[in-house]
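Following this message is one structure expressed as structure tokens.
Labels for the chains are A, B, C and D, by order of writing; each one numbers its residues from 1.
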Amino acid sequence: MKKLLEISLGVVTSVGGFLEVGSVATAAQAGAAFRFQLIWAVVLGTFCIIFLVEMAGRFAAVSHHTIADGIRERFGFNAFLWPLLATLLVNFLVMAAEIGGVAIALELATGIGFQWWALPVAFLAWLFLWKGTFGFIEKGVAILGLVTLCFVVGAVMLKPDWEQVAAGAVPTLPDHDAANYWFMAVSILGASISPYLFMFYSSGAIEDEWDKSYLGANRAIAGLGMSFGGTIAIGVLIVAALVLAAHGIEQVDDYHQLPLMLIPIFGFWGFVLFVASLGIACFGAALEIGLQQAYLVAQGFGWTWGENLKPRDDPGFSTVYTILLVLAAIPIALGLDPLKLTIFSMALTAASLPLTVVPFLFLLNDERYVGEHRNGMIANAAVIFIIALGFVLAIVTIPLQIFGGT
Amino acid sequence: MAATLQARIVNAVTAVGLRPDRPCLLLIIFVLTACSPSDQVEQQSKTAASATQTASLVLESWIAGGAPSEYTSRTLQSAGKALADAGAQIQSAKSPEPSGQAGLTMAVGRLSAAVIRAATAVQNGNRSEVEHAQQDLRAAAADLSTSYAKYFAPKS
Amino acid sequence: MATVNLEQLAGRNVLSHGKSIGRIEEIRAEPDGDDLVVTEYHVGIYAAFERLSASAIGIAVLDVFRLRSRDSVYRIPWDKLDISDPARPRLLCTTEELSGMKGSIEGDKPE
Amino acid sequence: MKLLRDILDKQVVDREQVKIGKVDGLVAELRPGEPPKIVAVELGSITLGRRLGERPGRWMARVAARLGGKRHAEPHRIAWNKVRDIGVDIEFDIDVRETAIFDWQDWLRDHVIGRIPGAG
């Protein structure tokens, strides 16, 4: 019974991690511009992240190491430096995007411009990390995050042609705006396969003191949680296609357009639901990224870490998230467009994937770490596929950034 | 699409300090874009159409009580600005078809004015003025699609 | 007493008569009474695979690129490598002795 | 035992299980006619800098000396004979509070973190 509770909580938590400003923005853009045609990118991204999260959890539960620990220990400091720097940079950009997401939600709610909210939001997030415990943050974000289910409800209420939705799950070539199409596909993959997600997950497994008895729960949480998150992202995409595209709005390049997805369905409550979903999902993601950044640095250099400790007891750890929050608030406070920043950081996330995913191939096959719980054929094939995908994404992202970005 | 593509390539190339007059670069640009210069007009017209539809959807929602005034007026201002930008870009494009281009520019200009007018009306809570602006918006939107159809009509 | 930082040796090229025989990928140590002493240096790409527990994957990759000709690890005893300057490890043996130090790859089993 | 695989870059904890760093370096004593003997592990930014190259190492040593004074101009060392257990982490029979390793974290706690309300 306790395990069951834990699994459902874990599932909900993973939704909190999965759905953030990146998946909302990329799914909305894709639905508006290409209707159901890019659903496959969400599905593919979700499959990839299921595999990576399951492996990160398994690795932590069996070896009692986080992924960051494992990379440093096996590959040495010099090799560890590259994924470290790449992830620090990507986390910084994504953090700025999440602060921007919360700031937009607050602008929509109050009418006060988003840049004025950047510092208060960063401060509030810092306060949560400063005073909160891991369980409090995990559970709070998870339960409030359920509000994002309104996208799925909305999608069902619009009665889409499910056959067409299913057809969108199969990759097809675009008949217009090819560069834009591929750029969106890359951004969706970047938004789904976030390194912070699986690295955070492995740290969480250590914080929650997982051992081998959690392997089943881990599999269930990874599979169900990420599919749940993917379903919500598909919900956003369907709503965007059936509301925005149907009204002739094919370009979502202004965040003011986003609430229009839900208003025609739910009226004024649609506006409220959108603001709440965006605010909560982004705030939750900001907390998780703040923690992940601190975990990564602390684990990389072997400092004391843990969200359950008091800041006095892990000064290095709390300094890292404090600095990150201050820095990440700056671009938004200066008025940088949060939507553009989001799309840019999602594409960069996709490009950074090989650096963090290649180590999985080694760590999850190393008997010294995972013993008999090594990767099987399918899991290894999945890792190799993700690495190949990551390399392709890394190579195409830069030209697409120039040619296809909005 | 491809004309903005072309502009982006040229910008990118100059940004990295290369002179874009190299034959091979031109060739790459040509292969990548391989389209007429009227693509910029097409792209901007699409942006204008999308912004127009955004404005009309948010106005409808406001009238139906779904969208709060503050949000509606901000969205309209933002759409109006997007329209003004698109208009300026269409005007400055080197199009082989000056008369059609002028028609498009005018339609987009009217749209932008109507949207800004609606934004002010929403802010003041003036319902009848909003409805007037909405009618203007519809007329100008119809104008835009006529000009657009004329501009891209098959000629020979 | 002269001390040397062993981590500095990792990845250093080992030269035999001006020709590279590979990089130092592993340092083996054994207990000697209460002490822990260095016994061997492992040189070559296969030693790296051993360190990453990735012999199977590594060999498969090398096979794809047909690079398997150097199919072994040099296991150099502690007294045949001068590490007093870890940035430039010097081999202290002849080419014949060196070929006697070639060994096959160890399995991935935990010790 | 394989030093690079099983010792280097491993987590170091003290006898209270406090995480104090990673094995950033391994020091061996050269003895004439006898195999090199492991005498200590090194921790800290200077050792890490040296692993990246000569110049980053010198640079890091200068920064550390500037910020921390003479006590921090050389890497921190823990004698190998203090090793108690090698498992998921390497445990040394020391108390981190008696070393200079956490000086910077203590400084941070006393001068910054501890002064912010609610630091515990």
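One rule holds for everything that comes next: a contact is a pair of C-beta atoms (placed from the backbone, for glycine too) under 8 Å apart; a residue touches a chain by one contact, two chains touch by 3 or more.
It should be emphasised that the depicted structure is a prediction, and the values quoted were computed from it without experimental measurement.
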item: Central chain (by mean CA position); value: A
item: Most widely separated chain from chain C, with each centre as the mean of CA atoms; value: B
item: Distance from the mean Cα position of chain D to that of chain B, given in whole angstrom; value: 61
item: Distance between the centres, which are taken as Cα means, of chain B and chain A, whole angstrom; value: 33
item: Chain centre separation in whole Å, for chain D relative to chain A (CA means); value: 35
item: Centroid spacing, where centroids are CA-atom means, of chain A and chain C in whole angstrom; value: 42
item: For chain D, residues contacting two or more additional chains; value: 4-5, 8, 24, 51
item: Multi-chain contact residues (two or more partners), chain A; value: 74, 76, 78
item: Set of all touching chain pairs, with the criterion as stated earlier; value: A-B, A-C, A-D, C-D
item: Of chain A, residues touching chain C in the complex; value: 74-76, 78, 361-362, 365-368
item: Of all residues in chain A, those that touch chain B in their complex; value: 108, 111, 176-177, 179-180, 247-251, 253-254, 256-257, 259-260, 263-264, 267-268, 270-271, 402-403
item: Residue ranges of chain C touching chain D (in the complex, touch as defined); value: 1-8, 10, 25-30, 32, 34-39, 50-51, 78-79, 83-84, 87
item: Touch list for chain C against partner chain A, complex; value: 10-11, 51-54, 56-57, 108-110
item: Touch list for chain D against partner chain A, complex; value: 4-5, 8-12, 18-22, 24, 43, 48, 51-52, 88, 105-106, 108-109, 112-114, 116, 118-120
